[in-house]
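Below are two complexes that have chain A in common, paired first with chain B and then with chain C.
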Partner chain A sequence: MVADVRESAVAEQAPRPRREITTGFVVSRIAVLAVAGAILLYAVPPLVAAGAWASLALLGVVSAVICYLYLTRRFVPAKYLIPGTVFLIAFQVFPVLYTVSTAFTNFGDGHRGDKQAAVTAIETGSVRQAPGSPEYALTAALRDGNLVFLLVDPKTKQVQAGTGQGLSPVTGAQVGITGKVVRAPGYTVLKAPEAAARAKDIAALSVPTPGGLIKANGLSRAVEGRAALTYDAACDCVKGEGDTWTADETRGYFVNAKGEHLAQGWQVNVGLDNFTRVLTNPTISGYFFGVFAWNLGFAVASVATTFALGVAVALALHHPRMRGTRAYRIVLVLPYAMPAFAMLLVWRDMFNRDFGLINQLFGLEVDWMGDPVTARFAVILVNLWLGFPYMFLVTTGALQAIPRELTEAASIDGATPWQGFGKVTMPLLLVALTPLLISSFAFNFNNFNAIALTSEGGPFPAENPQVGATDLLITYTFRLAFGAGGAQFGFAAAISVFIFAIVAVISAVAFRRTRKQEEVYA
Partner chain B sequence: MRKPALGVAALATLAITATACGGGQSAAPSAAPTASTGATASAGQGGGKLVIWADPNRVKALKPFTEQFGTENGVTVEVKEISKDNQVTFLTASQQGSGPDIMIGAHDWIGNLVQNGAIDPVNLTEEQKAAFSEIALKAVTFGGQVYGAPYAVENIALIRNTDLAPDAPATIEDLVAKGAELKKAGKVKEVLCLPVGQKGDAFHSYPIFASGGGALFGATSTGDPDPKKVLVGAPESVKAFEKLKSLGEKGEAALKTSITNENYIPSFASKKCAFLVSGPWAMGEVKKAGFGYDITPVPPFKDGKPATPFVGVQTFFVAAKGQNKTLAQEFVTNYVTNKDVAKALYEADPRPPALTAALTEAEAADPDAGKFMAAGKDGFPMPAIPEMAAIWEPFGIAEAAVVKGGDAAKAAEAAQKAIDGSLKN
Partner chain C sequence: MKIALRHVFVLVVCAFALVPIIFVVSAAINPLGTLASTDLLPTGASLANFADLFASETHPFGRWFFNSVFIALTASFASLLLSMLAAYAFSRMRFRGRRVGLLALLLIQMFPQFLAIVTIFIIFTRVTELYPPFGFNTVWGLLLLYLGGALGVNTWLMKGFLDTVPKELDEAATVDGATHAQIFWRIILPLVTPILAVTALLAFIGFMSEFLMANVFLRDPESKTLAVGMFGMIAGDQRNANFGMFAAATLITAIPTVGVFLWLQKYIVSGLTAGAVKG
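Right, the complex of A and B next:
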């Protein structure tokens, strides 16, 4: 690898004298590739251990391609494109594909693992102590190098040896005060640390008895238990407790004749079920348009108010006769610099009717978060406060790029300041800022925090506890997917696919229009 | 002009190369199956290591005992602090095989943890079982199996400022009358500090709801809550909601949506109200406030049913997918059931111990523990069934609606409908 670099460095010098190859350039390139190699090596052992050969091969190919790419002088465009592409795949394409694939499963609480895990959980969860069986004191010991349980019945003080074959009596064993075996002829008694070192073997050993199995319960006790429920592969069902539960591969549950299912299920493919649920669920379809309209209004109002205030402040500070602009700028950026989470919670408390700062300051008695209109006003106000510094910053930047001569020329031509702003400055600003406005819209459309941390979607009308007046699609569906029935990742994924489609359509339309606008002004 | 531009381009290339090689490599494996990476990373652990996940309060208190356990058994014990979304974090990590061997959490997680196969039953001897208070043992028993070792019991009670209200109210009516009298005299601002908030608070309002005759679930033949019989919209519950309404903003103004989980304890501590409905977690702040206080059970309505609070039991669980189950079982069954451990945990965070012997000692040192325990004596262990998740929010919203003066029958019916909808009853 190092030799390659030197070769390419030397080679690069000859035909292209205009690009100077300094030592620093070569060293930094080697360093970067060395770090890349280190990260690659770091990822190899876990992949090998997991037997993920396909992933390992992919990793190898990707690394080889990247290193080759940056060690040769060719493929200059690819050198620029690869980093972005890799990030795009890792952080955009992969999550989107993963979300979409999850939407076709019932992944969620009760269906997190595979069927094997569910069977294991059902069986272990049903193990009950055999009635009347003794609470054996357990001593782990070795006989001929094999692990043996020395079991003492606390009542009779009788000592037995338990192996995978069953129980056999032990004679001449000496039992200590704790009830454990201290010495037994023919056995090597394990001390606590020695036993702890074999914890896995101890957990694996089960001693068959007529009534069930004796298993270790910790290092010092053993219990005779029996699984009340057992899985029968022949009928693909779980039997026990006088009932039979048959595997239902469409639901991922073991179901009995009465339609009841065992608690532990597994993940199965449910096809389009989640999508049909979104479309046919009366609580979703019945309120969709109301929530969607407010969601749209919230996003538009957030963008419009933050942009208006941001532009106004930026223009004021851009004025040549303005003094102390630096101090103002620092103060104005503060809301942007503070953690939004904390600020949202502070605002929520300020809107409290009886204890909040706002009512106390103005001597009001308004139940801000308790009335639909005021709650909507309040969340938009909070979002304005949080969002305008960003608009102020980008507008300030864009204003520097608009030559002052243009507005001066306009005023010489007799334009009023308003006309100058509306006809010259604003259109030029919009060319630069429209893409940012669209992304701001997309962000606010899904601005979960702004709602979840302030109004929590409320206020809720008494006759409907599921849709609040300030609920966005994202907070509303979050409640449906995670609030009521535990976590339902599959359902949540289906909903996000829908929301993704909505935002994508709106953004695509907006970008089309921007392109037309750019053609006009550019 | 041309030369500097080229230099800039070269620099930019370099910068991009740097990010590409560094970032690109790390991104590629992360795009590959992350689950398998997680699994193997933890498979390497195992051996002689026991991993315990606890919330911040308990990490320190556990240290001396985990160290003792470690030296006795020649293993290393790692106590890891988990401070947010503990249940979800545990479930996700367990599924990936990177979870702990022992998890500490509330007993009402049991239903969800069991349906996800994340915990194993714990086998306690009859003697060990007898050492726990009855309600603690009942709470950790799910479907006839004991699913963890309880160590602390917590429930809410009525905490009152004895400087303002010397006598414990016998009924809610007395409480409201006394609170209103103090408010009229200008001594307090609020009648009662009980959090409601805009979305209601089922946990804190449940005693009053229960005293009004309301119920959440019917009972199965074994006496467990029956998720097929949701009673939130039943006529008795509607009556209980009516009573909550009469205490609400349009009635006595004892319950208010402006009193929230964030401000109810500070309000009591700053003498804005003489009565507080809260649990042991409030005591730190209450003691600091420096006035006389007493803890009594939440009173019932006159001629009403008992005001039973929810009881929550903090529990040590044995993770089903832990790497070292034998050691985990040993620790949970033989260490957590130890009185000294229970006492140390009590000192770190004063929640009444579940072990009767430890409670007696804690009580001698601090009578509050015993008073809380007495207030929760007839309490109702929070239902551990996974279906309980469907109750909290609709119930809370119905509560907030009636507190604001909404129609009780409508609110209860809507809540019932929402709950039935999500439980598919």
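Right, the complex of A and C next:
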């Protein structure tokens, strides 16, 4: 663990006098124990109830370590680092690592659970009414607080009780005119509104019988059904409906001879499949590289346009004889202070073809968000509006730090104003602002809001509703994971990993270049 | 002549900056309250949209406003405190793993948290089962999530501020018998308060506008933040009809931030050059 070097150095020189135990010391230690105790009291019972022993052990170890760290006088730096680190690990480091591991599976719609869950879902999903089976009159009742079906056979009028365990005969039950049970000893018959209130539980209860199972059909009828598809452990396959589906452990599906699979599958490791799909599957890789190119273009264009406009305005105001700079500055900063998410939505509606402000003002009939070129132009313009005040502010700050003597000296030496700007002011500005330009680039590279709230990634080509012309990698990933086309978490995670890699490489290169640049100019 | 040209250029840019804002104001006071009937310049004036906004049953705007301000205030305060604590250790103490820790933070900062959104969704599905008060549709769960990003974003910035505070001050305090905790709370924190205020304001604006996480996280109308709720307000076929209400909501949301912004303007310039980015 970490140790405070300064403290230990002192300790070596001379035995440290015992510090007296102050009230603050005692109170802070009691507070630590109280908080830890309260958290444990709250967190432990649900974990025990769920039987999550691994999480419970982790929780115990973490709280023990934290208590120890705060109760001793040693490990001073750790005391300050722990609070943020706990959150960082739980909600940032762990999700990132988990994302990377999900990228190697086919987790998503149809592959959510394990194989056992898939078999259960297939079997119960294929239950059909068995031919020739009786249709029972159903009465919902309670026995010891548990839901029970009282089933009356329409021919024999025999009454049986059905539970999740099976059928058992009921004696002494009184059957009314409608064919339903009115009362039965040991059971509380539910009245119609009470039964309606528990409709969900009633629909969920299935009573196993030797040949299949009995399920409610509405609130007053029950039918015996048979699973059309059954799992056979001997051949690891699902049989029924005159066909056989064999388990395919590499795809996580039951597949028949014709190569068709059942809708319900399970989660399996697919190795590097998701990654190779991105790079080699021609339909996907074509889109992926298209999106990537536009993403790069969008980020570069956003930084370049905001920076250019911001610098231009700052330079225009940066003149000793310029009047009204304070008023100008307030107006120019307004877009930055407005709530960004709301203004993005306002811009979206200003670009609306039918009643948008832009078409009204200029008397146009352009469907801005309907055409790839105009949509791209529109989102960059919107981002320019949102971003230039920031660049204006930082440039104003940086300009004030550049001594005027430098440009004056350049002009005395015969430099034109443009030369003075290009050779003196700009390089100095860039030294100060490059780190901000890099972080602005990284921010815009993943600027989800700027796209999702304006063009929503569109317009979409007719042949592929998954990838639009203004989609960034992050909005594309988001649609893959949560979109209407069905969740593909595994594949989305693989693309996330690609984005991690791209952002990290670009930032690393940029930081190296800045360091070199600083060495040149500083 | 040249000065006149400068004025013309700046005025054009000012017009560009102002047009959408005037449009919002005009929509907010438009008595008809629809997008189609809104022009750049107001055609009439009424406060009907504001009245509708607070009376609406389907869009509990007051509740959203409270949620947003509460989350943004708590998250910016707590995340600044967490990163301040870490920055204090990194700036004033020398320990094994210090350099590695700083580098790791820089790396983690490059990976935006929302790329892991699928995983966060899975984690919080489990949390919702175990601890409903911290699960989906709760402000506390979202707060926890936001705090995960606290260290990565601000620690380097804070460390930069703390490095500018002379070390002699803490040494003098140590000689006088102050503990490390007393130095932190009584000496360091008061000295960096002005710059903290600016950073907190930027964090506040960032949390107010956060949409992606909140949109996945908050589905229940009562638990929504302004960003999520107002997005739903003009979603789908309500886009035209509710536009006036939406514009009114935008203005109300903007008032506190614009006010504080104008007030802190001169600090913001120095705060921004020190490396903060609006999120």
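Observations
Quick note on the criterion: the second predicted complex is superposed on the first by the 268 of 522 C-alpha atoms of A that agree within 3 Å, B and C clash if a C-alpha of one lies under 4 Å from a C-alpha of the other, contacts with A are read in each partner's own complex, and residues count from 1 in each chain.
The rule is simple: a residue touches a chain if its C-beta (ideal position, glycine included) is under 8 Å from a C-beta of that chain, and two chains touch if they have at least 3 such contacts.
Remember, predicted model here, so these are calculated numbers, not experimental data.
By the touch criterion stated above, A:M350 is placed in contact with chain C alone, chain B being left untouched.
In the superposition on chain A, A:F448 makes contact with chain C only, while chain B stays out of contact range. Contact with chain C, but none with chain B, is seen for A:A316 once the two complexes are overlaid on the shared chain. Look at A:S440: by the touch rule set out above, it reaches chain C but stays clear of chain B. When the two complexes are overlaid on their common chain A, residue A:F87 makes contact with chain B and with chain C alike. Once the two complexes are overlaid on the shared chain, A:A50 sits against chain B and chain C alike. Residue contacts after overlaying the shared chain place A:R112 against chain B, while chain C stays out of touching range. Judged by the touch definition given at the top, the superposed model places A:C67 against chain B, while chain C stays out of reach.
The intersection of chain A residues touching chain B with those touching chain C, taken from the two complexes, comprises 28, 43, 46-47, 50, 52, 80, 83, 87, 90-91, 94, 349, 352, 354-355. Chain B contributes residues 6, 10, 13-14, 16-33, 36-37, 39-41, 43-44, 46-48, 72-75, 88, 91, 95, 111-112, 114-117, 120-121, 123, 125-126, 143-145, 189-190, 198-199, 256-260, 262-263, 267, 320, 324-327, 329-334, 386, 389-390, 393-394, 397-398, 400-402, 404, 406-407, 410-411, 413-415, 418-419, 421-423 to its touches with chain A in the complex.
Chain A contributes residues 18-19, 25, 28-29, 32-33, 35-37, 39-40, 43, 45-47, 49-52, 55, 58-59, 62-63, 66-67, 70, 79-80, 82-83, 86-87, 89-91, 94, 109-110, 112-113, 117-118, 120-122, 124-129, 135, 192-197, 199-200, 202-203, 216-221, 223, 225, 263-265, 283, 349, 352-356, 367, 369-370, 455-456, 458-466, 479-480, 483-487 to its touches with chain B in the complex. Taken together, the chain C residues at the contact with chain A in this complex read 3, 6, 9-10, 13-14, 16-21, 23-24, 35-36, 38-40, 82-83, 85-86, 88-89, 93-98, 101, 107-108, 110-123, 129-131, 144-145, 147-152, 155, 180-181, 184, 205, 208-209, 211-212, 216, 226-227, 230-231, 234, 239-240, 243, 246-247, 249-250, 253-254, 257-258, 261-262, 265, 268-270, 272-273, 275, 277-279. Partner chain C is touched in their complex by these residues of chain A: 2-6, 24, 28, 42-43, 46-47, 50, 52, 76-77, 80-81, 83-85, 87-88, 90-96, 98-99, 102, 309, 312-313, 316-317, 319, 321-322, 328-343, 345-347, 349-350, 352, 354-355, 357, 360-361, 385, 388-390, 393-394, 396-398, 432, 435-436, 439-440, 442-443, 446, 448-449, 452-453, 474, 477-478, 481-482, 489, 492-493, 496, 499-500, 503-504, 507.
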